[in-house]
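First chain written, first letter: the chains are A, B, C and D, and each begins at residue 1.
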Amino acid sequence: MIKKVVASVQEAVQDIFDGSTIMVGGFGGSGLPEALICALRDHGARNLTIVANNVGGVQYGVGILIANRQVRKVICSFPIGRRQAKLQDTFWEQYRAGALEVELVPQGTLAERIRAGGAGIAAFYTPTGAGTGAAQAREVRSFGGRECLLELALKADFALVKAHKADRMGNLVYRKAMRNFNIMMATAANVTIAEVYEVVEAGTLGAELITTPGIYVDRVVEVKVERRWQG
Amino acid sequence: MIKKVVASVQEAVQDIFDGSTIMVGGFGGSGLPEALICALRDHGARNLTIVANNVGGVQYGVGILIANRQVRKVICSFPIGRRQAKLQDTFWEQYRAGALEVELVPQGTLAERIRAGGAGIAAFYTPTGAGTGAAQAREVRSFGGRECLLELALKADFALVKAHKADRMGNLVYRKAMRNFNIMMATAANVTIAEVYEVVEAGTLGAELITTPGIYVDRVVEVKVERRWQG
Amino acid sequence: MQATESVADSRLTERQIAWKVARVLEEGWYVNLGIGIPLHIVNYIPDDREVILHSENGILGMGTRPPVGEEDPDLVNAGKEPVTLRPGGCFFSQADSFAMVRGGHIDVAVMGALQVSERGDLANWMIPGHELGNIGGAMDLAAGARQVWVAMEHCTKDGKPKILKHCTYPLTAPDCVKMIFTDIAVIQITDAAPLLLETAPGWNPQDVQKLTEPKLLFTKPVKVMDLTGAPANK
Amino acid sequence: MQATESVADSRLTERQIAWKVARVLEEGWYVNLGIGIPLHIVNYIPDDREVILHSENGILGMGTRPPVGEEDPDLVNAGKEPVTLRPGGCFFSQADSFAMVRGGHIDVAVMGALQVSERGDLANWMIPGHELGNIGGAMDLAAGARQVWVAMEHCTKDGKPKILKHCTYPLTAPDCVKMIFTDIAVIQITDAAPLLLETAPGWNPQDVQKLTEPKLLFTKPVKVMDLTGAPANK
């Protein structure tokens, strides 16, 4: 019997190695695999390349790992908001010292590059960024009279994703706007680890509601937390 | 108030013009917009380019339009099965006379080209077809040591799709394996026309079950038919 | 309401600019609202007009902020603020969300701007001298939406024009802006030049021109904004 | 069970070939079954082994054909035949389905073949001289699955080898086939040459070699298939 549920977040992240590329789902705090990120901080793997939409703060999101100096490079669309005052010092210190590299990618291009990684599409042409500075580092080509940039697929060693519910086969369902980057990231990593609020019986998630089929998920860990708005 | 529901299949297809490119959803009889196809036959538009996975037979699917000599070109992965004996004569007669062109596309490439059309991706590189005769008509390029072919987005003037239920805003939900080509085709046409079994109140389809958001749908027509297996 | 003199402090507030944009969004349009002034627009769409709001994190049919205590951490907008879902709304992934954007399915994207050029070039993601900008979804929206509208203050904090002959900041996308709503004017980008459609009450075209680098076209008399029903100044 | 002589009529039936493949699919694998012999495989997977079947029209967790009268027109397999869904199964679009395939998420695709070359080239979509072939999902599956297995008759109807030094029919994909299951043998494609792993009862390696164009490797004694529990010959 297929059983992808593991007992703890510690067990779930134990084989993450120094130098890994790790995709981290979520948009702000929505769909963010908070417990897995904290487990990764405690685990201590270093020299990581993180793919995530935004960095977050010193107390949530990828910012936790940056503050803990585990990150060598971030590939993101929104590196650091002005509100993240507590993270600013650590972030800029590492950035200016060259210890933290930042690759800025437009959000839709980031989402599509990750989808391409999971879908076996090696590269694609998008109009996003044409006629801007972004075009300087890209191959530019016209299709139907419209300039497009060539963008390459993104893949990862691990993906940390967050969903609402899972079953033992790794099927995931999301609640409201949790899907964001989680759906694509789950497809684009060698090992996909899902943090969920609840594990339920196989066959009870609803065949038409499963938006991450278990084929993409290697490990599931249940993290019971109270969900409330934290302002 | 947004109201995309129209009264009849005749009204739904009335502005389809000679020479249109039309995507037709379905895989075999599953998710096939049968009533819209029949309405298009009765409407009589000619010189059509049809994008569909398979041609079907003389009594169902795109084959109805071929038998009626309305089709100039078919873009598909599976043009004509051996079982479609009744369609064979008409099909081959037109094909050999040069009146019916067939563009053969691998099924996954077809699906992805249609998705790209809807998603504003001008073109993409896929490993499918590399090292085969399909590569002769394509640009070949290596990514990470793997040969890929460049494939262009597909778009259409009209898409005829089939779903289970819809609301007045054009949101669609599918039942079981009906989704097949319908989901992508709905995104890739200037005008998307959906045939559904039932129109329900907005807000009752389930926000997490809507797989074709109304943004992609221009017209909805309810066709009450009994669904049973026809062998 | 004809403007007769320049009244320097009679500028629209951010909420009034948002209100102004909300009045001209049409029934049935699919609209993306960017961070900043545009996010206020949701509050001013008339109840009897169905405008469907898109949020790039995967929402169609976004509604207003919920009452305190009813916020849902799994239901936030592009600014990561809590929102609601309207009947007929739905959820999808960020890839599907930007497929919508890039594929030309969004009727209007309303965005903030640092600079707009006379031909509609948009710069809104980075100030030179800053080490890193935040691109977010701006480049995709500017390149993908059918129309890009800008909602912004007419001038920088130190009073310099933000509507320029050429943008000096890094571009978000070239040649994309169609309409500009500011605290003193409504301007349409046309092939010939920016066209001044409306001025704020108390502003005449010459005053707007002084705060705008490229030459503005206008037809006399330029309409003065009717702010009846707009949110109060404070 | 040691084969001692050539018995020309002791070939496996199509269902026996399918049964043979089904025995070696492993728990937890995601498997796509092509049209023809492979579609029978679903019937022979042991009940206590969870092998998850993918159907390219958008199904994971496909089960066997339902009883007569319970067929559902909205639930068919790649051959457009009615099937069922197993607990934990789900549905998706054809684009998502081939994203799974192309992205290397399918452990094994089992396909029919017209020809297989000694290096694993696959030809299964067109017979030269026919005006049009039906590609279907074959090219995507052959290029995208982690492993491609072939289930086919060893020879053409007129007795000619289908395992060749070089394919003469149009290729579906080069260098993709790893295992070949036929009515008389199980053969693994290796870097050196095709390796004969098993023969059908009544067949010895030399008999199989006679019906196979490239030189076969084998280690003596070659295993004879154990057909205990296989479906009956008729």
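By definition in this document, contacts are C-beta pairs under 8 Å (C-beta built on N, C-alpha and C of every residue); 3 or more make two chains touch, one makes a residue touch a chain.
The shown structure was predicted, so the numbers you read here are calculated from the model rather than taken from an experiment.
Looking at which of A-D and B-D shares more C-beta pairs in contact, the answer is the pair B-D.
Taking the mean Cα position of each chain as its centre, C sits at the greatest distance from subunit B.
Each chain gets one centre point, the mean of its Cα atoms, and the points for subunit A and subunit D are 37 Å apart.
With centres taken as mean Cα positions, subunit D sits 58 Å from subunit C. Each chain gets one centre point, the mean of its Cα atoms, and the points for subunit A and subunit B are 33 Å apart. With each centre defined as the average position of its C-alpha atoms, the distance from subunit B to subunit D rounds to 30 Å.
Contact with two or more other chains is made by residues 85, 91-92, 98-99, 101-102, 144 of subunit D.
Counting partner chains per residue, subunit B has residues 112, 115, 119-121, 126-127, 174-176, 207-208, 211 touching two or more of them. If you sketch which chains touch which, the pattern fits none of the simple shapes: not an open path, not a single ring, not a star, and not all-to-all.
Under the touch rule stated earlier, the contacting chain pairs are A-B, A-C, A-D, B-C, B-D.
Residues of subunit A that touch subunit C in their complex: 27-31, 53, 77-81, 92, 95-96, 102, 104-109, 111-112, 114-115, 126-134, 164, 174-184, 211, 227-230. Subunit D makes touch with subunit B in their complex at residues 55-59, 71-76, 80, 82, 85, 91-95, 97-99, 101-102, 131-141, 143-144, 170-175. Listing the residues of subunit B that touch subunit C in their complex gives 1-2, 115, 117-121, 167, 169, 171, 187-188, 202-203, 205, 207-208, 210, 213-216.
Put simply, subunit C touches subunit B in their complex at residues 27-28, 30, 50, 52, 54, 60-61, 85, 87-92, 98-106, 144. Residues of subunit B that touch subunit A in their complex: 112, 116, 119-127, 143-144, 146, 148, 152-153, 173-176, 207-209, 211.
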